[in-house]
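Each structure below is given as C-alpha cells.
Both complexes shown next keep chain A, but they swap its partner, so chain B is in the first and chain C is in the second.
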Partner chain A sequence: MNKVLFFAHLRDAVGEEFLTVDAGGKTVAELKAELAAKYDLPKMDTVMTAVNEEFASNDEVIQDGDEIAFIPPVSGG
Partner chain B sequence: MMYEISKEPIDIQAVIDKVVQRNAGAITTFIGTVRELTKGKKTLFLIYEAYEAMAVKKLAQIGEEIEQRWEGACVAITHRVGRLDITDVAVVIAVSTPHRADAYDANRYAIERIKEIVPIWKKEHWEEGEAWMGNQLETVAYPSGKPEESDLNE
Partner chain C sequence: MAMNERYSRQVLFSGIGKEGQAKIRSKHVLIIGAGALGSGSAEVLTRAGVGKITIIDRDYVEASNLQRQQLYTEEDVAEKLPKAAAAEKRLRAINSDVEVVSIIGDATPELLEELVVNVDVMMDATDNFETRMAMNDVSQKYKVPWIYGACVGSFGMTFSIIPGKTPCLNCLLRSIPLQGMTCDTGGIISPAVQMVIAHQTAEALKMLVEDWNAVRTSFVSFDLWRNQYTSLKMSKAKFAGCLSCGEERSYPYLDQENMTKTTVLCGRDTVQIRPSTAGEISLERLAGQLSSLGYAVKGNPYLVSVEMGEERMVIFQDGRALIHGTKDLTHAKSVYQRILG
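Right after this comes the complex of A and B.
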C-alpha cells in the first residue's frame, strides 16, 4: 500500500491530509490522473509529485510502500 | 540542526550563531517578514504549511549547493509554520563566507531557491476571504511533473 499526502489547496479539495491507496506498479501520471478524476482536483498540471521525499517525474513507476506527495506550486519564503 | 522547520517564533540570533566560523569575514542575514499590503490588498494573517520531512531535506540541498558554489560558505536556515501575523518573521537565512560579496550573493541564492523547490505553502487571509498562494501568479506549470533544470537554475 502507499500513503499519498496532500497539501494546500489539494488538501482542502480531498478533505484529508493523506489517503492510503494501492498504487504499486502505476506511474506517477496514472495515479495523479486517477485521483484528480475521483476528487475533482483543480490545477493538476501545475502540481509536482514527490516519491519518498524527492521530486519524481510523471513516468516514474511507484513501488509498493513508497510515500507519494502531491506538491502544488510552493510559496514559502 | 542547520536546517529547521519551526512551529515557534524563530530566534534570529540562534540562526546567526550557527554559521559563526573563524574563517568568516562576513555573515549576511535575511529575515523574511509578513507584509500587510500586496497589490493594494490587505492581509490579515497567514498560515504556512510544510511537508516537513521533505522541506528540511530541500533546505539542506540548498545549503549544499551554496557550499559547492561559494567556497568556505556556511549556511543555516529556519522557516516558520503555523499562523503568522503582520510583521512576524517567516524565514531566517544566515550565510557566512570568507569575503562579504559571496555572503550577499549566496544568501540571495538561498531565498530564491526556497521559493522554487522547498515544499512550503502559505494561505493568505484577507477581510473578504482566503486562498492558498501558488508561485505568486499561478503562472508556473510543470508538464513533466517536476521542475526542469532550467526552472531550477533561474
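Right after this comes the complex of A and C.
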C-alpha cells in the first residue's frame, strides 16, 4: 500500500490530508489520472510529485510502500 | 551613517563577516515584482546593504495590498502610486547607502534580457508562471542564479536555481501551468508571504557572499495553517531534454511566439488576451472560486463573466479572455494573470 499526501488546494479538493491507496507498479502519471478522475481534481499534469521525499517525474514507477506527495506549483507572489 | 555600526550585527554573524559584508556591498540584485514577495525581499536586502537594487513592477498600489505588502501605506493607495515608485521612495528612506532603481513596466523577456546585465542574483516576486519561465530562461542564458518563490493561502514554496548546477524551473514543470492558484483566487495570509521571503532572502545572502555550499539544494514547500513543512530532494530532477537548461536548449520562453498575446479590439474599450499555451480550463471551478470570493460572476457552459472593479472580464474555456473597460494592454494582462496565474 502507499500513503499519498496532498498539498494546498489539492488537499481541499480531496478533503483529506492523505489517502492510502495501492499504487505499486503504476507510474506517477497513471496514479495522477486515477486520482484526478476519482476526486475531480483540477489539472494534474503540472503538479509536482515526490516519491519518498524525492522529486519524481511522471513516468517514474511507484513501488509498494513508497510514500507519494502531490505538490501543486502556485503562482501567487 | 557610520557603516560599522549600521551593519555590525550582520558582520558579527559568522556566515557573513567583514568580507561577506564587503561582497554584499558590491552586488546588484534584480527583483522582479513589487507585490508581497517583492516588498519583503526588497526591504530585507536594502537593510542588509546590497550595493544596488533594481525593482520592476507594472501595477499600482491598491487597498487590498496593504494587508501584506509591507512597503506601502494608505497614502500610496490614495495617490494610486505605481508600486515600483512607492517602493523606491520607501527603500531610499530605509537605507540611503543603497542605489535603488525602479522600473514601472511589464517584465517582458526583452526587458529582462536588458536588465540582467551585471546582475548577481534575481529574486522571483512575480505572480505568474509566464514571467517566471522567462526569468528562468534569462537565468540560464546569462548564467545568473534566481530564487523561485510563491505563495497562496497559508501555503508557500521556494527553490534556488543555479545555472549549470541545479535543475531549472522548466525541468520541474515542463510547461506553464494554465490554472495556477493566485492570491486573487485563493486568498493569502501575510505569514505565508513572510516565510517565503525569509527563505528567499537567506538564499540570496548566501549567494551574495558567495557561500555556494550553503545554498539549499532542496525544494521547500510548507503550509503554515496545516503545520506541514517538506524539503524535496532534487538530485534526480534535472531533465536532460530540458529546452531551457539541457544540451539542446532553445530558451523557448524568450520567444515572443510563446508569450501571452494581448490585442486591443478595434473600436471597443476591450483587450483580448490569448494564453501562451492552449488548453482547457475548468470554467465551473473558476466560477465557483470567484463567486465564493464575492465577485459578481455570470456564466454559461462556454464562458465565465466576472465584474472586477471598473472592468469586466470574460473568460472562455480555452483560456482566452476579453477584458472590457480598458485599452491598456499591460493593465489588462495584469488583471488576467491575477485570476488565471
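Operating definition for what follows: the second predicted complex is superposed on the first by the 73 of 77 C-alpha atoms of A that agree within 3 Å, B and C clash if a C-alpha of one lies under 4 Å from a C-alpha of the other, contacts with A are read in each partner's own complex, and residues count from 1 in each chain.
Going forward, contacts are C-beta pairs under 8 Å (C-beta built on N, C-alpha and C of every residue); 3 or more make two chains touch, one makes a residue touch a chain.
Everything numeric in this text was worked out from a predicted model, so none of it was measured.
Of the two partner chains placed by superposition, chain B and chain C are both touched by A:A56. Legend: residue contacts after superposition of the two complexes on their common chain; A:S75 is shown touching both chain B and chain C.
Once the two complexes are laid over each other on the shared chain, residue contacts for A:T46 go to chain B and to chain C alike. By the document's definition of touching, of the two partners only chain B reaches A:A29; chain C does not.
Contacts of A:K3 after superposition: neither chain B nor chain C is touched. Within the superposed three-chain arrangement, the count of touched residues of chain A is higher for B, of the candidates chain B and chain C.
Residue overlap on chain A between its contacts with chain B in one complex and with chain C in the other: 7-9, 11, 43, 45-46, 48, 50, 53-57, 69, 71-77. Listing the residues of chain B that touch chain A in their complex gives 32, 48-51, 53-55, 57, 79, 90-91, 111, 114-123, 132-136, 138, 140-147.
The touching residues of chain A, counted against chain C in their complex, run 7-9, 11, 17, 42-43, 45-46, 48, 50, 53-57, 69, 71-77. The residues of chain A lying in touch with chain B in their complex are 5, 7-9, 11-12, 28-29, 32, 43, 45-50, 53-58, 69, 71-77. By the touch rule above, chain C contacts chain A in their complex via residues 33, 35-38, 124-129, 132, 149-153, 155-157, 167, 172-183, 186, 188, 219, 221, 223, 226, 228, 230-237, 239, 279, 282, 285, 341.
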